[in-house]
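The first chain written gets the first letter, and so on, giving A, B, C and D; residue counts start at 1 in each chain.
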Amino acid sequence: MKKQVKIVTIGGGSSYTPELIEGFIRRYEELPIGEMWLVDVERGKEKLRIVSELAQRMWDASPYQVKVHTTLDRREALPGADFVTTQFRVGLLEARIKDERIPDLHGMLGQETNGAGGIFKAFRTIPVIGQIIDDMRELCPDAWLINFTNPSGMVTEAAIKKFGWKKTIGLCNVPTIAQMRESGNIGETEEELTYQFAGLNHFHWHKVTNRDGEDVTAEVLKHVNEKNGGTPVNIYQEPFPEELLDSMKMVPCGYHRYYFMQREMLEHSIQEFKKGGTRAEQMYQVEHELFELYAQPGLHEKPEQLGKRGGAYYSDAACECISAIYNDRHLRMTVSTENKGALPCLAPDSIVEVSSLISARGAEPIAWGEMPPAARGWLQLMKAMEECVIEAAITGDYGLALEAFTMNPLIESGKEGKRVLDELLVAHEKYLPQFAEKIQELKAA
Amino acid sequence: MKKQVKIVTIGGGSSYTPELIEGFIRRYEELPIGEMWLVDVERGKEKLRIVSELAQRMWDASPYQVKVHTTLDRREALPGADFVTTQFRVGLLEARIKDERIPDLHGMLGQETNGAGGIFKAFRTIPVIGQIIDDMRELCPDAWLINFTNPSGMVTEAAIKKFGWKKTIGLCNVPTIAQMRESGNIGETEEELTYQFAGLNHFHWHKVTNRDGEDVTAEVLKHVNEKNGGTPVNIYQEPFPEELLDSMKMVPCGYHRYYFMQREMLEHSIQEFKKGGTRAEQMYQVEHELFELYAQPGLHEKPEQLGKRGGAYYSDAACECISAIYNDRHLRMTVSTENKGALPCLAPDSIVEVSSLISARGAEPIAWGEMPPAARGWLQLMKAMEECVIEAAITGDYGLALEAFTMNPLIESGKEGKRVLDELLVAHEKYLPQFAEKIQELKAA
Amino acid sequence: MKKQVKIVTIGGGSSYTPELIEGFIRRYEELPIGEMWLVDVERGKEKLRIVSELAQRMWDASPYQVKVHTTLDRREALPGADFVTTQFRVGLLEARIKDERIPDLHGMLGQETNGAGGIFKAFRTIPVIGQIIDDMRELCPDAWLINFTNPSGMVTEAAIKKFGWKKTIGLCNVPTIAQMRESGNIGETEEELTYQFAGLNHFHWHKVTNRDGEDVTAEVLKHVNEKNGGTPVNIYQEPFPEELLDSMKMVPCGYHRYYFMQREMLEHSIQEFKKGGTRAEQMYQVEHELFELYAQPGLHEKPEQLGKRGGAYYSDAACECISAIYNDRHLRMTVSTENKGALPCLAPDSIVEVSSLISARGAEPIAWGEMPPAARGWLQLMKAMEECVIEAAITGDYGLALEAFTMNPLIESGKEGKRVLDELLVAHEKYLPQFAEKIQELKAA
Amino acid sequence: MKKQVKIVTIGGGSSYTPELIEGFIRRYEELPIGEMWLVDVERGKEKLRIVSELAQRMWDASPYQVKVHTTLDRREALPGADFVTTQFRVGLLEARIKDERIPDLHGMLGQETNGAGGIFKAFRTIPVIGQIIDDMRELCPDAWLINFTNPSGMVTEAAIKKFGWKKTIGLCNVPTIAQMRESGNIGETEEELTYQFAGLNHFHWHKVTNRDGEDVTAEVLKHVNEKNGGTPVNIYQEPFPEELLDSMKMVPCGYHRYYFMQREMLEHSIQEFKKGGTRAEQMYQVEHELFELYAQPGLHEKPEQLGKRGGAYYSDAACECISAIYNDRHLRMTVSTENKGALPCLAPDSIVEVSSLISARGAEPIAWGEMPPAARGWLQLMKAMEECVIEAAITGDYGLALEAFTMNPLIESGKEGKRVLDELLVAHEKYLPQFAEKIQELKAA
């Protein structure tokens, strides 16, 4: 593979692309990009134009000559690709707004990757991942699929288990952010500490040891509730009960706040919604401003404002992961990959998010061992729910969708939850062909 | 064992005792009772007197001469016992009232065996079961422990796994009631059908086949939402969504309503609470009336009114189980017993509630096989929660109690849930010596 | 199903058929046979004629009018069948002779269902079971497949897991014989005792309790090495070391002698072989005599001499099993069926031989729980070997066949074992189309 | 821990010690040794003197000033130790000679770590490891135990699971040798390749990938049967059948030859035995010569002749492991450590030998995932046998010892195996106090 690398980015018109470009420029000496393709859909054409022109200006301002290609037809881009990165959003931010508004209106958490919103994001995204993989099988059968489309864990599980693309790695910036912040909180550098993560995407725990092998998790836990505690900025920082942290003896991820302080998180979400709309709507505005910036011909670097979005370091994680594969670096990184027993309380073929070694072999998960009962029960519940969601996303089975809704701790069971399910189905009709029949039935009723 | 049988009933002053006596009288020819002891605590002395006198009148009116002994010291009763049945309620109905009122007041489900109330019933009961077993080990080392003290599943798990009394069987009337009602609903007799149950106490599913081996579960499911659908009378009959039933392809138990239609069940519970107090308070009244009846010297049979209580058929199940052991009957019965692999998604040494054969060997669980993902996830969550509860009940570990509260789907996570935990701890102080230190701390705050 | 029953017996020309007929006659009142078909292959035509005429004479001498049909084309017999029983032997006794002679000649155990012989019996039989199931799917999609073709466990696993015929039950007479003999040895009747078996076909253990629930396994073990110890007559009765029996605390089956006293069993097998040929060759003679008897027009009952064969009670087990299904009897019987967790050390979808309830639902395995380490290791090894055998039987994969040979404790690993594998492949060429290519290669070499 | 390191070597009088010293000298800059203690028993006093004097000369010839202490009382050495390495041999080479001769005389494999010899080495060693750990708990509670006493896997399992010393790592040179040789065989350097090992000590498999992530295992397999194929020199190089290698798609370790080509390996062992005595006896001679060399006052480096012994690179592995812990290096190394799910076919708390990361946290196993059926069955059998051995080693349970003998593929089951067990018990009486009663009984018989 020591030839120059061809990268194809699906959803290339995303506002995150400049971060990706910056990451590749910074790593050019170790990861020589030959060709770069940004792919998007018709509706994203204008954004794709703006972002690809900025991308080209960024490369042109660098010491390296890389051509940025664009296309609305991924089949044009894929042939010969070494890495396909996915950062698309089926239905764009408009869809996310629905994912967040509709639950909120029914008094449930409106959130992008958790609860009802996360399930619908999976319903829209998984079939498209299937189609992308069909194309990859034909056009670039040796390529790696580096997914950072959310819900990243479920999308990765679908890609590997259901669509059979073993060379998939799922990414998330949550572990990255935790590592960066927490080390500082206890007066250490990130390099001094060893982090071990295990769980599911947006639902994991970690432990930390120092250079002397001493477990410093308890110290890290003392700072979890602080402003810089390691939780991404997009999550409201309702404090975890101290006794809960002490009892777990592991650091929960930021998204656990939705599960462990449910009423507080819900109330905050509804307040925010009343004040300024959903987070999606706020992002809509942020995006708008970003693209105005991107369009300025004088700009040839990633603008600072991009850092405000929850996805910071996402693209950096992607570049790092790609470089680790290309250079066979055996880099310790937390990714979504096949369990292989790393978490014995889940099936070996489930996709989990665990500390892994990234090398030319892909991700090798580090075995974690048995979880204490509470974490084990949570993980098993969440994975079972994910399985229902993935199966429903592929088959359009309404009953399974309802089972997933009923199990999901952030969705009310009963009539109200079912109402949210039905409204979301109708609202996203355009992107849910697998549920077409049920949607017709719902519309007729 | 073909000698006459000595039965010791702990909590003998319970209003259910007459049903038990009736059951033993009806089965005397197959199960010759030699001696019968009713044991209760000082506070239950008067009830014990009333109920034991009725019991003796019942036996005297029968063709059999059985002496009913009473004592406030179980160590007097236990020597030589063949079967010890447990139907006691630590803290009496007053404690149950607190279990139900306090959550209700915080907008959560107030229920005897589910949610916060069920957890506290476990906290109060499990240490006492441990003490009873200590006494049995010394005084009647060959006796069977037939537990129908709630939460029956957790109490049985504590008895077998934690206190090492392998000869324990946990009973519940929910499967009995389902079998009786459902067969009629589809125009069959109970004998024509084979029921297979699997899950946890108050959290199980079942499938039904007919004499020709045809799966008639779908037919049974059509009637689940009817008045006679198989749910015990003490549970509000909010209908299950049809699509959920269709998707599960198994019959959920009545208690699943709390989990699958949470808001509706909660609203009903709060309404009832506002109208007439908690169910516990209503029962208080029912109990009062029952004991007035029991005290009438002319009464020498089980009065009809007892049937109104949720525990109907409970004692009958106990007599049936004892007779099946005594007579080595290999009776198919649904009980709480060691899993042994019957549900492969749970540990072999977990206690589960499954269709079993009851014989002189005790309970032999019938293997169910793998559960579909949703049911598997639910069971794994609930069992993990039970493990935290049992461990906390024995050790008084507040952090684990909080973890159990946080996981339990019927308890709000976050501040409000923690408040309920703390109030219940203080309210039940007298019966929670294992939490004494924490309770002092809470009271001081 | 309460209509009259149609039975189709594949391999109907077997010398065991009269026992089957006798079993059906004896049970006619509970299991009314309407029609009976005996199917065999061209090479078995003459035997089929003799045996079917005897069968008809037996029915004619009974109070019941049942017509025995014969055919060489199973597709003529299958339509409308309720039960298909399989007792065929691909390649007849001649094939068995090779299975036993060839290993013996190389100094390894020559035995019908264990070691190299058992593996080759699987290689020949499994593809034919696949074809029978293909026909059943088309012609009698509701029929039960009652298999007693050996190796019964592997054939049943192939039928259920590989060919998808869930309504298959695998039978063996070894548990039957053990139960009959052992109860007498300890001065009890079979009815007084409860047997629990678990393991694999021809590789299981059991425990025994009496009417009082007391474990009497230790007593049974005292008699295992006696002439009437429970081991079938076809197995040489080399005694088990007492300390081994004491340590296991479970009764091994007769076939365990091959594994636990390997040299002694091998030496006896070779001695026998030198004296009078393999057991197969002795059986050849017994068969010849039996068929001379069967052909006598005056005979209209099962002749006593049939009892000499190792398969005694086999057919009786089949009749009993069929009746238990037909009458929904919930009969406790040891059969090969889907594990479903009954043995947690094996996969839930593995086929195991365990005490089960036989009813219209088929077999419900009784959960056994965890095995002690030694038995667990043996079972896991043997099941893994079976998996290799079954996969090789279907695919003709020589490497997997060699892996199975290498693992099998009764086959020498290394050159000599490989030689036996190769010779058996060539010897059975006619019945091993799946290995055709490899056989050509071996013949060319 | 960045202070100077105190090393205590139990069995310090071993002929391997100079390699250990050399390793520490070579790594002094990264691993500053402050103090070094060599501990041995009375019978090894003279060897300890010779070897410690050589060790001191080696340090004196180096640029570093390290004092080598000796003692016959480990309690004198242990206080304040950072690393305790164990390389002792209970009963010295004389005991090994018995382990090898006695099985050989009965026609079974006489080998140091496999078969009957390996089991007895475990019986003698495990209780001593328990005593060492008792002393460590008291005198150096924070020390790491780096075990290279054989059978390394079982000793490590006993140390971690039975004696509770979590900070134990078990070492072996087999993976080291394989990596060194195999890379050269396919024209690569060791650094270019990634090895993943999984299994048990002396019973593992591995796969190899190159810098491009391509699986080159098939290429490595082509050279396994060559002189430099990766098998340690102490193992006779009977070739593996090619079809077996092709089917496994993993590289078996050298010790697999005993299991996969049993007759050939046995015959070679017996031939060698007839020619020149057991390998142990040959080693006796080698040892004698080595100690003559060591005693020469002019020698102050590790003599070349030490490389002839099977244990080459053992001590190097130990130094490397210690340095990786001390320097928190996250070094990829194959060690015996807690499974934690890395091999899902074995219990999470079993000790396995797998590729791990060695850092200040100890060993973190890399998850391997599910094994193909044959390897899975082998591993499960061997681990179950190990469990019986370890339990018998601690309790002196003869029945369990016999169960282990019966299961072990390299020991004949039946009378002859039992005879070997009994003779070995008597022969090793002095070192087997746990079996004292049984040994008396055997001697009396």
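Assume contacts are C-beta pairs under 8 Å (C-beta built on N, C-alpha and C of every residue); 3 or more make two chains touch, one makes a residue touch a chain.
Model, not experiment: these values are computed from the prediction.
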Inset, instruction - Identify which chain pair among A-B, C-D or A-D reproduces the interface of B-C, meaning that over half of its contact pairs, matched by residue number, are the same. - result: A-D
Inset, instruction - List the centre-to-centre spacing of chain A and chain B in whole Å, with centres computed as mean CA coordinates. - result: 44
Legend entry - Approximate Å spacing (C-alpha centroids) for the pair chain A, chain C: 54
Inset, instruction - Find every residue in chain A that makes contact with two or more other chains and list them. - result: none
Inset, instruction - Counting only chain pairs that touch, give me the topology of the graph as line, ring, star, complete or other. - result: ring
Inset, instruction - Report the complete set of touching chain pairs. - result: A-B, A-D, B-C, C-D
Inset, instruction - Please give the residue numbers of chain B that touch chain A in the complex, ascending. - result: 238, 241, 243-244, 246-248, 259-265, 373-374, 376-378, 380-385, 387-388, 391, 397-400, 402-404, 406-407, 409, 412-416, 418
Legend entry - Residues on chain B engaged by chain C in the complex (per definition of touch): 1-2, 194, 196, 209-214, 325, 328, 330, 332, 338-344, 348-349, 357, 359-362, 364-370
